[in-house]
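In what comes next, chain A is part of two complexes: it sits with chain B in the first one and with chain C in the second one.
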Partner chain A sequence: MKQNHAPPAAPRKWRRKKLIYPYLFIAPFYLLFLVFQLYPMIWSLVLSFYKWNGISPQTFVGLKNYQRVLTDQMFWESMTNTLWYLAANLIFILPLSVLLGQLLCTKAVRARKLHKTIQILPYITSTAAAGLIFSMLFDANIGVVNGMLGALGIDALPWLTSVELSKIPVMILSIWRNTPWYMLIVMSAILGVDANLHEAAVMDGANALQRMVRITLPSIRSVLLFSLINLTIDSARIFTEPYILTKGGPGASSLSVVQYLYTTAFDSFQLGYASTIGYMLTLVLLVVSIGYFISLRRQSEE
Partner chain B sequence: MKRTLALGLACVLGLSLLLTGCTQDNPPANTTPAAPSGAPSQTGGTDYPAGKMTFWTYGMPEYMRRYFDGYAKREGSGAQSVEVEMVNYSGEAEVRQQVMMSLTAGSTADLPTAISTFPVSMQVLAENGLLKDITDQVTPYLDQFIDGAFDQATYNGRIYGIPYALQPKMLFYNNDIFEEYEIDPGRMSTMDGYIEVGRELLEKSGGAVKLSYVDPGSYTWRYWFRRGLMPQAGAKIWSDDGKSVVLDTDPGARLAFDTFAELFEGGMLYNAATFQPAQYEAAREGKIATFYIESFWDSYLRSNLADMSGSWRSMPAPVFEQVGTAGAQAIGMYCVVNKEDDPYTDLFVDMMLDFNLNTEARNSWSDEMLAEGLPTEHPITKDLLADPYWSQPSDYYGGESYKQMVTLSYENQSDNLPVTENDAEADTIISSELEKYVAGSQDMDATIANIGRLLRQNLGLS
Partner chain C sequence: MERRKKRAANLALNLFMALFSAIALFPLCWVFLTAFQPTGQGVSFVLPDILAKGFTLENFTRVSELIPLWQNFWNSVVVSVVGTVLTLFFCALAGYAFAKFRFPGRDPLFLLLLFTMVIPQEVCIVPLFVVMRKLGWIDSMLSLIIPRAATAVGIFYMRQYISQYPTEIIEQARIDGCREFGIFCRIVVPGITPALASWGAISLIARWNDFMLPMIFLRNPQKQTLMVAISQLPVSDGLSTPWPVVMAGIAIATVPLLAAFVILQKYDIADLMAGSTKG
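And now, the complex of A and B:
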C-alpha cells in the first residue's frame, strides 16, 4: 500500500508567519539604521546646501558651500594632515600587527598570555587619558621625551608647538593605540593557517622568513585586506588624538578633517558648511573604498 | 512576498520618520503654557513650587551654586522647596551646542531656566526669541551697577542677561623677582614701560626671567588680543557696519600686533600652555615675572601656586599712552531662557539681583570661598564696591589689597570689540594664524595679511 509521507500542507497563515519572522529579527537593525544613520545622512546632505547656525532659520545657498570648500585653505590643510595620519597608520600599524601577531603565535615565546595582555593595554586605555599622558611626555618644557633627548645631548624639540613637528606625536599616539587591535585580528588569522603547510615547509628546509612570506602572508591575505580597509576608514576619521594632544595646532598643522568638521559645526556654528566638509570626506573615503573593493574582487578572481 | 517586504520596509521607514519628525520644530513659545508662580514671597508674592531650577553653565559653577543654595534656604525667599542644579559644560560653545541640540530635537521642555553665555551667542539666541527680555525687571536697578555693566548683556536696546562678573584686564607680578632685580613695578603702568621692564629683566637675569607668557594655542588670541591689546589699542576687526574686514589696515590693530611682536620677538614671553602644569612650574621657578590677564587669574594663582603666598602682587594692566585705557573686561552673565511655563524665571532674576546687591550675603559668601581657597567674584555694584570689605588686604598678595586693585582696574577699561555674527568663525581664523606666528612659521606681516585674506575669503566679506 502506497503511503503518502509528504507532510500535511502547512496552513497559509503559518507559512506567511514563517516568512515574516526573519524580517522581524532584522527589523531592529533597520529601524536603528534608518533613525540614527540614514535619516541624519539625508538630513546632513540637505543641510550641506544651506547656511545655518543651528538656531536661526536655514538659508538655502545652493552649491556655495561646495564652492567654498574647494578654496578653503584650512580644509585642504586638514585633508593633507589626515592623509599623513592615514599613511603613517598604514605604513606602521599593519606591518607591526603582522610582526607582533606572528611573535605571539610562536611557541618559542614564553609567557605568551602575559605578553598578549600587556600588548592589548594601549587599545583598552581611553584615548583621552592616553592623549593627556602623551601631551605630558611630549611637553617642550617638562616632557620626558625631551628629557631623554637632553640626556643624549640633543636640544629640546617643540613637539606639540611646532608646525613641522606637531603631527609626529599624533601619529605615534595613533599607532600606539591602534596596533593592538589589528594585531589581534591578524593573530587570529595566523592561528587559522593550516599547520601542515608549515610542517611541510620545515621538512623542505624553509626558514622562518620564507615560511612567513610564502605561507603565512598569502594565507591571511583576505584578512589583511579587510584590516587595510578598516584601518583606512578609521584613520580618515581620526579625531581624538589631535584634539587632545594639539587641538589641531599650531595653526592647522595637525588638524584632521573630522576635527575641522567638529570645529566648524560646534565652535563656529556653521552646520551647513560642516555638513559639506563631511560629505567631501565621505567622497574621498568612497573613492578609496571602491579602489580597495575592486582590488579585492580582482584578487579573488585570480 | 515582495509585497510583504515592501510593506514591512514602508512601515519601518514611516515609523522612523514619525519618530524623528514628530520631535522637530517646536518653538519654545509653543510649549504648553502654565501659569507662572509669581514673584517670591519676599516681595509679597506666593511661594515657588517645589522642583528643580536648572542652570547650564561652564567654568567653576559650584561656587556660585553655594550662594544660590543659601538664597533658596533663606527665610522669606519663597524658594525653600526649590533645588538649584548647575549643569557644568566645558565652555560657552558647549552650552550653545546643548541649546542647539535641544531645539533641533524639539525637546524645549528640557531647556534650563538660565544659561551662562557670551555676547556673540546671546545676540543669536535673543534674535531668535530664545532668551527672555528682562529689561523691565532689571531697569530699576541699573543705577546701582557700575557704568557699562550691562553693555554686553544688551542687544538692540533690550537687556537679555544679568552679569555676575566683569573681569578687568590686570597685571599680576611676582614681587620677589622685582625686588631681586631692583625694578620698580610702577614702571609697568604703560605698555612702553612694560616692554622696557621686560628687556631689563632679560638682561639682568641673563635671559632666565621672561616678562610674561605666551600660549601656543588659542589662548594667545583670547587673552593677549581679543580682550587685551586690541581693545586697549582702539583696534577694529570689522568696519562700523560690520560688512567689511579692516583688521589688516586698521592702525589700532597694527599697534596691537606690533606690540605683541616686540614682546615675543624680543624673547620676553615664556612659551607654555596656559592653565597647564608647565606654566605654573615656570612661574614657581621664577621664570615668568608677570601675567597680563583678566582678574580671574587670582583664583588660579591661589589654587595652583598656593605655596607662593606673599610673592604675588596685582595692579591695573598697562596702557598705551596714546590711548590711555587698559584692556577690556570679560563678562560673566546668565541669560533667562524664554520658556513661558518655567515657574522659576522670576526667582532667577531675584537671585541674580541679590547676588549683585546684597552686601551682607555677598561678603559672607566671599569669606567662605576665600577660606576654602575657592574662586570668588568681585562685585559690580557701587554699594558693594564702597563697602570696606572690598578694600581689605590679602595675605596672598603680601598684605596688599587685591580687591582694591580690581576696583581700580574697573575705572580704566576699554570697550570690548564690537561683536558680530561672524566673530565665532573669525576667532578660529585669527587664532590659527597667530598660532603659526608663535610657532615661528610666519612673521607678523604675513600673519596680519593672512588674517585679512582668510577673513574676507571665508566670510565672503569685502
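And now, the complex of A and C:
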C-alpha cells in the first residue's frame, strides 16, 4: 500500500543524484573550517592546559596557566588598554559615521562625490602603512603634530614614548582608518530610508535634528546594531596599530591583548600560555556575541 | 532673514565636510611631501623648506636596496589576486547552494557558518602556525591563500545576493538539460557580477593590506608580502632608516590600490562596497 504514495522511480533517482550537488558546493568551506579553524581551536584549548615552547615535549600543568593569567599584571594591563581602544572606537567612530554618512546624503553639501572618494582613502590605506605614517606625524622631535602644537605655543609632547600619552596616537590611528568603512555602511542605509517620511516631517515643521532623531536613526537601527557589533569584535582584536606605532610601549602602556598573545607566542615561545590568553579573549568576545544574537533575535521578532 | 540663516548653515556644513576631507587626506599628503625629500640634511616639515630642498627619486632606489622590493611586490600581487579570485569562486558556489537548493541539514549548517564569523582567528594562531609548519606552508603563499579560499562572510553575502536572483531562470536551464555546475558558471555567475565586483574589491583591499598573518607565516624576506617588508624598513637599517626612505616605501605599497580606487570611483565602487553590507 505504501508504494502507492511513493513518487515515481525515475524522478526520485534524479532527485537523489541532484541532492549531492549542494553538499559538493558547500564542502570547500567546511573542509577549510575543519582544518584551519576547528582543529586549531580545539588544539588551542588543549594547549592552554600545557606548558610548551614549541620544541621540547609538552608538559601538562592543569589550570596553572589560567591561574597565572588571572594574576598577570601585564595581561590585565593589555586588557584595560584594549578596552580603552574599544571605548574610543565606539565613542568616536559610530557618531562620526552617522554624521558623515548623513552629510554625504545632504543635498546642501557640494561636491559630495569628491568628498566621499577622499574620505574613503584611509580605509584603502593599510593599517601597517598608516601606522608608519602616524609614527612620523607623532614623532616627538620632527613630527608635524608637535610642530602644529608649537605654532600654538604648546610645548612638544612625547606622544609615542610616554606612559600617559602612548594610547592616544593608537586611538587616533584606529579612528582615522576605520571610520570610512562605517561611514559607507551608514550612508548606504540612510539612502534607503523612505523619503516620504522625511517629506511628511518637513511639512509638519520638523527641523533637521528632529528628523535625524525621530526618523533616520530608528530606520537604520539594524545597520547601527550591525556596525556596533562588528566594531566591537574588530576593536577587541586590535593588533597592528599599537604594534607599529609604539610596539606596545613604553612598558605595557599601549599593549593590546592580541599583541600580548603574539609576543608571548612568537617572541618568548610560551605557546601554552599564549593559548590561554587567546581563550580569555574568546571568553570576552563570546559574551559579547551572545548579547549580539539575543538583540538581533529581539529585533527580528519586532 | 530666513534665507540668510539657511545660507550660513549651508556654508557651515560645507566647511565642516571640507575639514573632514582634509583630515582624511592630511597624513597621506605627508607621504608624498616626505618621500621626495633628499635625506642628507634631515627631514623638513615646513612647507617652504620642503619646496626649497628640491626633489629626488633616490629614496625609491634606496628602498629597493634595503628590501627585495619587486619580489615582495609580486608576492603581494599573487596573494591578493589569486586569493580574491579563489574566494569569489568558492563563496559564490556555496552561496548559490545555500540560496537555491533545499537539502537536509541546510539550516543548521548555515547557522554553524554564521557562528564561525564571531570566532577571532587570532585566538588559535599558535596551533595554526604549527599546522602550517606541518603542511610545509611556512614561507609559502599557500598559507595565506588556501585557508581563506572560502570565507563565512563571503558566503553569507553571496547567499543574500543570489537569493534575489530569479529561480525560474535556473529551473528553465535545468529543464533544458544544463548540468548543475554549468548552470552555476553560465547562468548564476553572469547574473551576479555586481556582487562579485563589490566583494572582490573588499577582499582585494583586505588581502593587499593584510599584516599579522603574513608576518607570522612568511619569515624569509624574499617570501614576504610588500606590507610586511615595508613595515620593517625603519629597523632594517639599524635604527637609522631616514623617514623619506620609509615614506617612499609606503608610497610604493599604497599607491597602486589608492590609484585603482580613485579611477574605479567612476563606477561608484564605494557605493557597491557599501551595498554589500545590506541585509
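As a working rule, the second predicted complex is superposed on the first by the 282 of 302 C-alpha atoms of A that agree within 3 Å, B and C clash if a C-alpha of one lies under 4 Å from a C-alpha of the other, contacts with A are read in each partner's own complex, and residues count from 1 in each chain.
Here is the rule we use: a residue touches a chain if its C-beta (ideal position, glycine included) is under 8 Å from a C-beta of that chain, and two chains touch if they have at least 3 such contacts.
Quick caveat, the model's predicted, so the values are computed rather than measured.
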Checklist line | Superposition-derived comparison: chain B or chain C, residues of chain A touched | finding: C
Next item on the list: Using the touch definition from the top, say if A:Gln73 reaches chain B (first), chain C (second), both or neither.
Entry: first
Check: Does the superposition put A:Leu19 against chain B (first), chain C (second), both, or neither?
Finding: both
Next item on the list: Would you check which partner chain A:Ala195 touches, where first means chain B only, second means chain C only, and both and neither mean what they say?
Entry: neither
Notebook entry, point to check: Between chain B (first) and chain C (second), which, if any, makes contact with A:Lys247: first, second, both or neither?
Noted result: first
Margin query: By the touch definition at the top of the document, which applies to A:Ser162: first (chain B), second (chain C), both, or neither?
Written below: first
Next item on the list: Based on the superposed arrangement, let me know which partner A:Tyr39 touches: chain B (first), chain C (second), both, or neither?
Entry: both
Checklist line | First (chain B), second (chain C), both or neither touched by A:Leu152 | finding: neither
Checklist line | chain B versus chain C as contact partner of A:Ile133, first or second or both or neither | finding: second
Next item on the list: Kindly classify A:Leu285 by the partners it touches after superposition: chain B alone (first), chain C alone (second), both, or neither?
Entry: second
Notebook entry, point to check: Shared contact residues on chain A for chain B and chain C?
Noted result: 19, 23, 30, 35, 39, 54, 136, 142, 266
Item checked: For the chain A and chain C complex, residues of the former touching the latter -> 18-19, 21-23, 25-26, 28-30, 32-33, 35-37, 39-41, 43-44, 47, 54, 100, 103, 106, 108-110, 113-137, 142-144, 147, 176, 180, 184-185, 187-189, 192, 223, 226, 233, 236-237, 239-240, 244, 258, 261-262, 265-266, 271, 274-275, 278-279, 281-282, 285-286, 289, 292
Checklist line | chain A residues within the chain B interface of the complex | finding: 16, 19-20, 23, 27, 30-31, 34-35, 38-39, 53-56, 68, 71-74, 136, 139-142, 158, 160-164, 247, 249-253, 263, 266-270
Notebook entry, point to check: In the complex formed with chain A, which residues of chain B make contact?
Noted result: 1, 4-5, 8-9, 12-13, 15-17, 19-20, 93-94, 96-97, 99-100, 103-104, 124-125, 127-128, 130, 216-218, 271-272, 276-278, 281-282, 421, 424-425, 428-429, 432-433, 435-436, 438-441, 454, 457-458
Note to self: Under the definition above, what is the set of chain C residues touching chain A in their complex?
What the structure shows: 9-10, 13-14, 16-18, 20-21, 23-25, 27-28, 30-31, 34, 42-43, 45-46, 90, 93-94, 96-98, 101, 103, 106, 109, 113, 116, 118-131, 146-152, 155, 180-181, 184, 205, 208-212, 216, 227-228, 230-231, 233-234, 243, 246-247, 250, 253-254, 257-258, 261-262, 265, 270-271, 273-275, 277-278
